[in-house]
Each structure stands twice: as structure tokens, then as C-alpha cells.
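Each chain carries a letter (A, B, C and D) given by its place in the written order, and its residues are counted from 1.
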Amino acid sequence: MNALDLLLLTSLGTVLFSVVFSASLTGRMLLTMLYAVQTVILFQIDAGTEMVSSFGFEIFNHALGLSFNGLSWFFALITLGSAFFAAWYGLNQQQKLLHVGLSANVFSMLVLLSAGDFLSLFIAWELVSWSGVLLMVLGKQESLVATLKYITYAIAGGMAVFAGIILIYSWTGSLAFNAVTENPLSLSQYGTLAILLIGGFSVKMALLPFHLWQAEAYALTSGPASVFLGAISARMGLFAIVITMMHVVDLKTLDSIFLIPELFTFRDFLIWVAALSIILPTYTALRQNDARLLLAWHGIGQGGYMMLGLLMYDQMGSAGGLLHVFNYASCQAILFMSVFSILHRTGTTNLNQLGGLVARMPLSFLAMLVGIIGLAGLPPMNGFVSKWLVYRSLLSDGMAIVFLASVIGTLGTILSVYKLMHNSFLGQLRVEHEHVKEAPWSMTVPMMLLAIIIFITGVMPGISLELVANAQSAIGLTPVDYHLGGVVSANSAISGDLDMIWVVLVLFSGFGIAAILFLSAGKSRRVHQLDNYAGGHFLNANNQYQYSDNFYAGLMHIIKPWYRYSFKWFEGAVVSFVNLAAVFSRSFFNQAHMLIWMLVVVTTVMAVAII
Amino acid sequence: MKHYIILTVILPLLVAFLLPTIGRFSYFLARALPPIILIFSIVITACVYNNETAPFALHIGDFVAPQGIVFHVDSISLLMALSVQVFALFLWPRRSFKLQSEQIVSNKRYSLMLLLVASANGLAFSGDLFNLYVFYELLAVATFGLISFDTNEANQARFAAAFRYLVISATGSVMALLGIALVYFLTGTLNFAHLATQQANLFNPIGLSAFALLLVGFGVKAELFPVNSWVPEVYSAASKKLSGYLAGVISKLAVLVIIKALLFIFPHSEAAYLMLGLGLAGLLIGELSAMRSNDFTRMISWSSVAQLGLVFIAFSIPGQAGIIAGLAVLFHHMFVKTALFLIAEKWGGRISDLHGQGYLNLIMSGIFIFVALSLIGLPPLPGFWSKFLLLNGLAGQEYYFAIAIILITTVIEVNYLFRVANHLFSREDKPVLPINNHHWFDTLTASLIVVALIVAVWELPTINDQLIIMSDQLLDIESYVNRVLISTENGL
Amino acid sequence: MYQFASFVFLLGFLFLISVITGFLPLGEPPMLVGQVIQNNAASETGASNFVTSVVLGYRGIDTLGELSILFAAATAGSLVLSGLKQKSIESGDAGFLVKSASELFFPLLIVVGLYIVLHGHLTPGGGFQGGVILAAAFFLPLLAKPSKSINSLALGLIEGLSGAAFIIIGLIALFNEGAFLKPFFENGELGSLISSGTLPLLYIAVGLKVGAELASLLNLLNQEEVNDS
Amino acid sequence: MIPDISSILFSGAIGLLVIGVGGLLLSNNAYRVLLALVIAEAGANLMLVIAGYRWDAIAPILTGDFTPQPMVDPVPQAMVLTAIVIGVGVQALALTLIIRVKKAYGTLNMVEIKKRMEMDFDRLSQEANQPGKLEDNS
């Protein structure tokens, strides 16, 4: 019975506990504490070494085992942290399924993270996919529709993974993680496995052709569920891709599989997929008018950065990619919390029907401010560090075009989070929201805690970089050279050290000067929020001067020709094709005479036999 | 003890013959007798199963093997017979009638059910091609009669469905008879063990043609691809429990007949390819049709077509891997499909009518979701392991095309099964239809199936061992031949 | 299109099955089982008609299955037709010729039928053939007088009891001799009426069963025909 | 040219079979379908019985002084006996079903029957879950 066993058992116990006790407030409080307890147990596991669980069973001559290393540890910490904050945030939620689903998700994710061979990886993968359903169905009818779409996509991905694992087994005769490394395969076999496994896992990650399901599925459900799903759920795909790259096809192999001879390798393809996954969903997010959907579309775009960083597979890039998982999870969680506290108080997240809530919900505003700075990747929040690492790696690898693409993506992020901020908290307050109160403590306290975490890990990224370095060494990379304030570039040819403490000091001295200037001018006067005038006219509260409909009209006009719903079209084409095939197969059962087919089979077999 | 296994075939026949007469004197006795007989047969089968004497050959009338008819009793046939009887007991028609004319009719139904059970047992045990044909026809005739029973006079479709089924089935029988004639032409025998010794005579175009004829002939009940167009009609028209019994259990016995034909008459790759192709076609056509279905019963009927396609694909894999995978898929489907049809007992109509039912009837919708998950193959439920064995076997033969089709159709399956779940837990603001709850016994049966599936997860190693034993027995043709042909000459 | 395809496949079927039959060894069957039966049947079953020894001895369980099929068909048929309302009968009797012929032939058919049943183990014929003739004997009066109908209760009784008799003879063999349907009693002298053990008894059961089943099937259809008019 | 016995026997069997199957495929009337089935079954039975045919052999019945002579194979004859009776049972049942179908739909046209049956299924499917449904028949 080591710490890993204890962790898994506690997690399973949490599931049982949630099934029985989540109806009462005390039960939900204890449940939140249980996630904290799991986190404490997690810290008993040494992230630097591999820990093998004593659980394991044998089935059809395959020994299934569970083990934990630095990478699992890193992801497990984010999972448990997200679950802790989500559960706290959801203390007032009566829906039992939410709490059961949350604990079931955590448990299945922990099993996935500790998978010790391909079969247990797949089993846990499917469990994660299906337990995700529990969290997605908590909204209105639309969430059910989104979930059906999700599960179709997820199972399609899962089946691709299944095929890949079956192929590994039939080619190598083993399901252990070292099966492929010990029995090298041919290049075409590597290519097949790469398509099946990376393709299958990237469905969860919502990389480009498979991204259409994610926004609705994550956003339209209940708040705490969205927080958890948005923060970590999709990243399980990233974890599995890392496992694939570690045990099946490493980047060197991917780089030797040419899709266009001598020009374009599989790795280039994946890099471009990641780059496009940054741009397209981000600009789709820009078009959303529902705050929840806007955030969820961002989640897809941010996944591109992580993928991009990992595909660099160097010290800095992979550190950036992994660190972004952590940073993004915290930012997305706080943003969803803020948006759902607006929903909790006003009953809507439609950006066209909000505005001016800053004075009514200042803590939520603060949380969102911290979140969007982090999400946009600006100092002093933690998002900056990871994006900086990814950029740094792209530049030092000489990938200028991809770098440009990711900068365009960041630009889109800044624009859209500004839209989010402006249309919800800034601008004119609507009359119906005049008496809105701040969200309850159970919601604001976790938001504030997360804001502190985002700021601290932004100023002192060394804290999170330590975890990243452990993860890196677990997957066989040289760990990033870090210190409390940032990183030291290993490659001294390009100077590129980062010390966030200095950056923040410079930044805050700038803020300080600005504040001095502002206060010394002393001309501000406090007025009531509904006391507005524009263009010399007094406005009463029923006149809207704030434009939030058709935000960024000019920009939209420019990018519209580039965005022709081509993926939606593709999805529709696949569905139509399947429907057409279904109509054909139905026509077989609609025949008045059915016997000819019997004769066809018999005759054909006889003919073949005689020939 | 050995010889008493034949009572599982004979006693239901005896009671079936006498039941209409008994029923005229005592309706109570007519209702009570069949379950008693079933329990008695279950006890006999279980005793033989436990006695470790299996496998053995039972020479009926003590006539020496190739001349007389042989019942070959091994683990697989005992298990099949056991499931036939147990499922019959649980799915037994239980409605009692007040009017005497209705009672007479319902007695006839009990009698037909007993004939169905007896013929299914015969199919499980018999080791003679023509004897199988006879039992198969008995099964068919009993089925036609059972389909035509319905107290709901509005359901006129049942006669048309039964007639169309009869035409397909009888044509199939003609084909099977032709196949038997060809086999007899070539070998002069119909005993499987004897045929196995004559395989050199059968390995030619005529042998393959005979196999194809037998395949389409016996494939009708096994829902094989080109002869399965009766499936949605009959299952929609018949009572849902009967449909569950036909789809879940009876179809498996026809599969067993085909497997015997494959192993003893034409164990060559051509036959396996034929089964693979037809199985794939059935899988595709079933899943695709189910996807567009608006009716719950029809949806699960098409899903059963697809699952039987999967069974054929599995058995087409040569060697032990194929037999193990096939048996796993077969037994899994037996449980799952029966549970689904039990659910359809009350929810058999339009799927859109089910909206919101899940909140009213949490147990049944929970059972539905669990069973659907197992059917799809969510690990670690048994459905996953059966699929795992199947895909492993296919990968071993490099049938990558088949793997791709199986996985793609799984996605379709998820889509339509969870469309139902979405309707069950729909949050639309429509009034929920006041559908009656399922009868407590149906709920109990479905719950028992769920329990059995869960226990199967714990007992996977045991099941795996049993599957290996069964496949060993099935594949060990040499000792089969010895048991059937030689042992009696020495022993008696 | 459909008809064209049907023709093409029919022609193909015709051609291919002709080719296949061309390979078949007609007239020289392998006689693996048949020869053994010819050598042993007389001593093992005591019947001089080998077809009978196969039908009731070697393949007795086939015959039981077949009886069950007839029973099932009759039962299923009555189930199918059970929902129909019984109308009053309007059609009149048949003409003079049919009526008097039926009266004339009824005893003759009974005698012939019984003879064929009883001599099943010695001559061509047996329970099936005799049973059909018996059924025809009972059906003739129906042809003559469609308004009449056979007593279905008695038919059901004969159906049930004769089928049960077959099984019970088999069961007695199971409990006494250790194998179901194993012939017991002495084989007797080959070729005499009282010989070949239980086979004649079985054949009587089969004859009654077949006769009763066919009669009840015809009865069923007859009632229907009357109702239909 | 006088055709030999084998081609006569075979063409009889094959002819019946093909005529029967052709009727099954092409006739649109339920009763004719049944008749075609009878014909096809006769063809298959004939095929089975000539599987035991033997040149210059007698029927498998010991007569006279019971001296062994070449006899035809008795097994196919016994099987055909069984198969014929089975066929009779199935055909009788089919007739009763045809009567009921005719009563229900007023037609014996296979296409029409299929169409009416599908309409019935749609109706049943709609009624199945509606309130006031008849008691189930299980």
C-alpha cells in the first residue's frame, strides 16, 4: 500500500461518498475537502521517480498495471486542483449528478494518468470519455444535444485509438508500453499508428478537424462542470499524445515520415494543424455572443499552443507546452467561474444583454481581469511565461511563419477577451441589473484564491516550472533550467533568459508612475452608473448607447471571406454520406421480394467455386 | 446419467403434445406444467454439466454411430441448452386469461413455446445434419405460430410478417435440403463425425456449393445478411419477449449449426471468407438501418442484425482465436439483446414518445444505459472484452478492413443508442407520456442480466478459461470422431 | 429491372447447378451408411422394410421431430385462425355422387389405411402413408357435407395421446434398456406381422398421429373456407 | 438420341427446383408463391432421393426368401419421407396465414401486403406508447 494506491483508493472512495452524501451541504463541503485530501496524498508521491501501484490484474494473459511518474504527477495536480476549485465553486449546486460526475471524472482521470500499459490506457481513456458525459448533460436540452455530438466524436476517436492498440498488439505481441520501442516497426506501420493514435487522442484535445464538438459540450452545462471540463478535461488528450510520442512514435520518426516527399513531414503536418488550431477557433471565439461559448472556443485555440510547444520537443518548447496546461487551466477556470457567477446573478451570459457590472460584482470583475490577462498571455500573469517559452522555442527553431500564426492567434485572443470584458463588466449598466449583487462567498473565494495562484505563478514561475521539469525528465527530455523568477536559456548563442520578477518590477513601477499621475490630476468625480450622457444628450437608462451587438464589425468584415464554415461543411458532408448509406441499407429491408439475394449469394458462390 | 440428457428434448415434446388436452380440464395445470418441466430440464442439464462427464456422445436407441443419430454433448452444447431453458423460463408468457376460448388459445401458445424449447435443445445437441434440419424446421414452425399470437386484434401486421418470414424460411429450407442432398451425394453419410472423416471428398466446388446452400438455409434464423429481411418485421409484430427470445437465444442456435457445418463439412478458407463477407455486410446494413430508425423495437432489431453479423465475422477467423471470440460475442449478445427487448416491452414505440421517461422510470432507463454501454463496448464491461478478442483475432489474420468497419459501425451504434438516452432524459417542456411501468418480473429479469454482466467482469479469468475449454472441445475434431464413431463399437 | 435480374440469376443458377450435378456420382452412391444398414438392419431391428427400420429405428428421433412439426403446424394453424368469428354455415351439401361415394369409401379407406399402417415394417408404406389415407377417410364426409365438422376435442385427444404414446414407448426403452427409442421386445421372425419389436407399435402411433394432425389441419381449413364464402 | 436415365432424373430435379425458385422470385401473388415453394421443395426432395439411387438395384425391402440383393440406399428415402411430411406441415400453416392476410388486407399481392404491413407498423409504433394502450400480451 503505497501513496499511489492510497490516492486511487481515496479517489474511488470520493466517488462512493459523492453518490451517497452529495445531497447535503455538509456532504458537499466534505467532498471538497476530499479533493484537498487527495492533493495532499498526491504530494506524498515523489514526482521525480516512478511509483508503481500494487494494484494490477491479469486478463487474457495481459498483466495490467498502474504507475505514476513526473508527467502523471503534473497532470494529476492540475486535475485535483481543478476539481477542488470546481467543487468549492459548486457548493451551492444541488444537482447530485454534478458531484458524482466530478468525482467520477477525477477518478477516471487519475486512472488514465497512472496507466501502465496500452490496454489500461485505453480502458481509462474510455472511462474518461464516458464520465465526461456525466458533467456535460447538466444544462438545458441544448446540452444534451451537444453531449450526443461529443460522445459520437469521442467514441470515433476512441475507436481509432482502439484500432491503434490492436495493431500494436498484433505487430509486437505485447501491450506493454515498451512494446514498440523493443520491436521496431516499419515506417508505414509507424505512420499508421501515428494517424490512429495521435488522431484519436486529438479528438479529445479538439485539434483542428475534430474541434466542432467541444465548445457547446463544455460551455452549455452547469457552472462547476464547465469550470472543470474547460480547465483539464481536454488536456487528457495532450497527456495521451505525449504518451504516444514517448512510447510509440517519437518526433524523430514522425519527422522521417514524409507526406510530400522531401518537403513535408508528418511532424510539419501536426505543427500546421496546431497552428491552425490556434487561429481558427480563436477567431471563431471572437464571433461568439455567448460568454460561455466564447471562453470554450478559446479553450480549443489554447490547446494549439500546448500542442505546438510539445511538437518542438526541445527543452524550452515542451516546457512551454506543459506549463501552458497548468497556466491555461487556472485562467480558464477563473474565467468560467466569473462568467458563471454572472449567470448565477443575472440569469444570462448573452453578451448583448450585459454590461456595466463592474460596480455590482467587483470581485468577479477582478477575477475576470486576472483571467483575461493570463489567457491573453500578458505579464504579469502566468499565461505570459508559457507563451513566451513557446515563442522562444519557435523562433530558435527558425519557424517564423508558425510564430507569426501564433502571434495572430494571440491577437485574436486579446481582441476577444476584451470583447468579453467590455460587454459584461464595463460600459453601460442595464436597468434590469441595477440590483444585482456580488456572487456568494462560495463562488468568490475560490475565484480569489485562483487569482492569487495565477499572479504568484506569473511572478514566480519557478514554482510551476519545477513540476514541469519533473514531467520533462519523466518523458526523457532535458529538463528546463529554471529558477524562481524564470528560465535560463541553455543555448547561450541566443540570449533569451526570462526573469519574471524583474519584468513585474518594471511593470509595476510603470503602473505606479501612472497612478501617481492619475491621482495628482485629481479630476475624477463619482457619478451614478446609470447617469450617462453621450454626444451631448442625456440618456436615460432605457436608451442603449453601448454597442455590443456586432462587435468588431470592421474586423469581421475583413476576416469573413477567410472563414467559410469549411469544417462544418465537412462534418455535414460526412453525416449526409452516412445518412445516404442508411437510406440505401433501409431499402434492402423495404423490398417486397426478398429471396433474390439468397439466390445471388448461392449463385455467386457456385460460380466462384466452379471457376 | 448420460442418457437422461435426452429428456431435455423429449419431456418438453411430451408435455407439448398433451398440453392442449390437459388444458381442457385444468387451466391451472396447463399453466403450471411447462415451467415445472423447464425447471426439471434445467436441473438435468446442470447435473450433466457438473458431472464432468461431458464431452460424450449419446447414441440414440443404441444404434452404432454413422447409422443411428448421435447427440454430441459437450460444454458448448450444454451451455447453449442451459441458456435456452433458463431464458425460456424467465421470458415465459405469464399473462392469464379469463375466458375459456382464450384459455384454449393460450394453452396452444404454451405448447408451441415448449416445442420451441425442445427443438432448440435438439439443435444444441444433435450431431447429425438431417436431424438438425428436422429440429430447425420444428423451431421454424413453432416460431411462426408464436408470432401469430396476439390478443390485440389491431395488430394485423403479424400475419403478413409471419407469412413473409415463412416464405424466406421455407425457401431457406429448400436450399438447405439441396445442400444436404449434395453432401449426401458426395459422402453417403450425414453424421458430423463421419463427415469429418470424409472431408477429402468434400473439398471441391461441390462441397463449397453445399456449404453455401447450408449457410443461406440455416442462416435465415441466424439473421445472416441476405436472408435477414424478416428481422425488423417479425420483431415489430411479435410480442417483445418472444422477440427477445428469438433474437437473443434462438438465433445463436442457428449460428451453432452453421459453425458445426463450417467445422465438419467445409473447414477451408473459402467458407470463412464467405462468412466474413456476409457478416460484414450484415453488420453494416444493420447498424446503418438502425441509425435512421424512429421506432425503438425496430432499432434494436436492426442492432441485433448487426450483432449477429459481428458473430459471423468472429467465427470466420480461422483457428482457436475465432472460436473464442465468436463465443464471447455470442454469449454477450445473448444477454444484452434479451435485456433490450425486455425494455422494449413497454417502450417499444416511437423513440420520440419516450422523452422524459427516464425521470419516471429510473431503474429501467439505468438498465438501458448500462446494457447499451456494454453493447458498445465500454471497458471494462464484458462487451469490451468480447470486442477486444474479436479485433485481436481479426488483426492476427490481417483483416484490417473488417476492423475498420467494426469500429466505424461502433460509432454509429453509440450515436443511435444514445439518441434514445437523450430522449429518455430529455429536458424539453413537453408533457411526459403516461407509459405504464414495466412488469416487476421483467424489471427483475433485466436487473438479473445486469447483475450477470457485472459478475462477468469479476469472473473474466474463469470465463476465459471456459471459453478456451469450449473452443478446444469444438476444435478437437479427432476426439469428436473417436467419441462418436469408435467408442461405441468398443463400449457396447 | 428486378425481373431482369431474377432471370439472369435463375439462368445462372440453372446452369451452375446443372454443372454441379454433372460431377455427381449418380447411380453409384457411396453407400457408406446405406450398406451397413442393409447388412445389419434385418438383425438389429427385425424389419424387412429397411426404410422402416431407418425411419423408426436408426433415425427414430427424426420421426419424432417430424410428428412434432405436424403437431406444431396444426397448433399454429389453429392459433392463426383462432381470432376469426365463426359464421353460420350457408353452403349446401355436395351432390349425390360425392355423398354416396364418401359413404362407400369411408370403411374401405379405413381398412386400407390400417392395413398400410400395420404392415409398415414389411411392405412399402407405413405410418405416414397410412395416416394420410386415414385422414382422407375422415375428410371424405366433410367434402360431402361441408356443414359437418369433425369433433375437434376427439381429434385433439388422439393427437396428444398418440404423440405421447410414441414418446412413452421411447421413454420405457430409456428407463428399461438405457437408451431412448431403443427397440425392445423380441425381434420375432423376419417378415411376419408380429415381428421387429416395438416398430409396429411406433408406427401405429405415427399413423394415428399423422392421421389426426392432417385431419385437424384439413378441418381447420375447411371451417375457414366455409366462413369465407 | 435417347437421353440416359441420369440426365432425366437430374433434369427433373433441377427443373422443378428452378421452376420453383423462379416462381418464388417472379410471382407477385402470395398463393402462387406458396405453390412455387411446393414445387421447389419437390425438386429438392427429388434431388435428395436420387442421391441414394443405384443402378440395377431393388427397393430396400427384403422379400421372398430374404436373400441379399443390391438395393438402393434406404437412408435418403427415409429422409425424404420425413422432409415431405415437414413440407406438408409448413404449407398447411402457410395456407392459414394466407387466409388471415387476405382477411386483413383484402389482397394477395406481395407488394401490396408489404406496403400495408409497413403502414400497420407505423400505426402500431405511434399507438404503442400512447395512453389507453391495450394490455400487453406477454
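To be clear about the criterion, a residue touches a chain if its C-beta (ideal position, glycine included) is under 8 Å from a C-beta of that chain, and two chains touch if they have at least 3 such contacts.
All of these numbers come straight from a predicted model, not from anything done at the bench.
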- Chain nearest the global centroid, as defined over all protein CA atoms shown: B
- Query: Cα centroid separation between chain A and chain B, in whole Å?
  - Reply: 46
- Between chain C and chain D, the Cα-mean centres are separated in Å by 16
- Between chain D and chain B, distance of the C-alpha-averaged centres to the nearest whole Å: 24
- Item | Intercentroid distance (Cα basis), chain D paired with chain A, Å | 65
- Query: Which chain A residues sit where two or more other chains touch them?
  - Reply: 591, 593, 595-596, 599-600, 602, 606, 610
- Contacts with 2+ other chains: residues of chain D: 17, 21, 24-25, 51-52, 73, 75, 79, 82, 86, 89-90, 93, 97, 100, 113-114
- Query: Of all residues in chain C, which are in touch with two or more distinct other chains?
  - Reply: 6, 9-10, 13, 16-17, 20, 24, 29, 31, 33-34, 37, 58-59, 62, 65-66, 69, 72-73, 76-77, 80
- Message: Once you draw an edge for every pair of touching chains, what topology comes out, line, ring, star, complete or other?
- Response: complete
- Query: Mind pulling up the chain D residues that touch chain A in the complex?
  - Reply: 21, 24-25, 28, 110-111, 113-115, 118
- Can you list the chain B residues touching chain A in their complex? 164, 167-168, 171-172, 175, 205-206, 208-209, 212-213, 215-216, 225-227, 229-230, 232, 270, 274, 278, 284-286, 288-289, 291-292, 373, 376, 378-380, 384-385, 388-389, 391-392, 395-396, 398, 403-404, 407-408, 410-412, 414-415, 418-419, 422, 425-428, 460-461, 464
- Query: Can you name the residues of chain B that touch chain D in the complex?
  - Reply: 93-95, 130, 133-134, 137, 140-141, 144-145, 148-152, 154-157, 159-164, 166-167, 170-171, 173-175, 177-178, 180-181, 184-185, 188, 190, 233, 236-237, 239-241, 294-295, 297-298, 345-350, 353-354, 433-436, 439, 442
- Message: Quick check on the complex: what are the chain B residues that touch chain C?
- Response: 3-4, 6-7, 9-10, 13-14, 16-21, 24, 59-63, 66-69, 101, 105, 108-109, 111-112, 115, 118-119, 122, 128, 130-131, 134-135, 137-138, 141-142, 144-146, 148-149, 153, 159, 162, 182, 184-191, 194, 198, 201, 204-206, 209
- So in the complex, which bits of chain D are touching chain C? 5-6, 9-10, 13-14, 17-18, 21-22, 25-26, 50-55, 59-63, 66, 68, 71-75, 77-79, 81-82, 85-86, 88-90, 92-93, 95-97, 99-100, 103
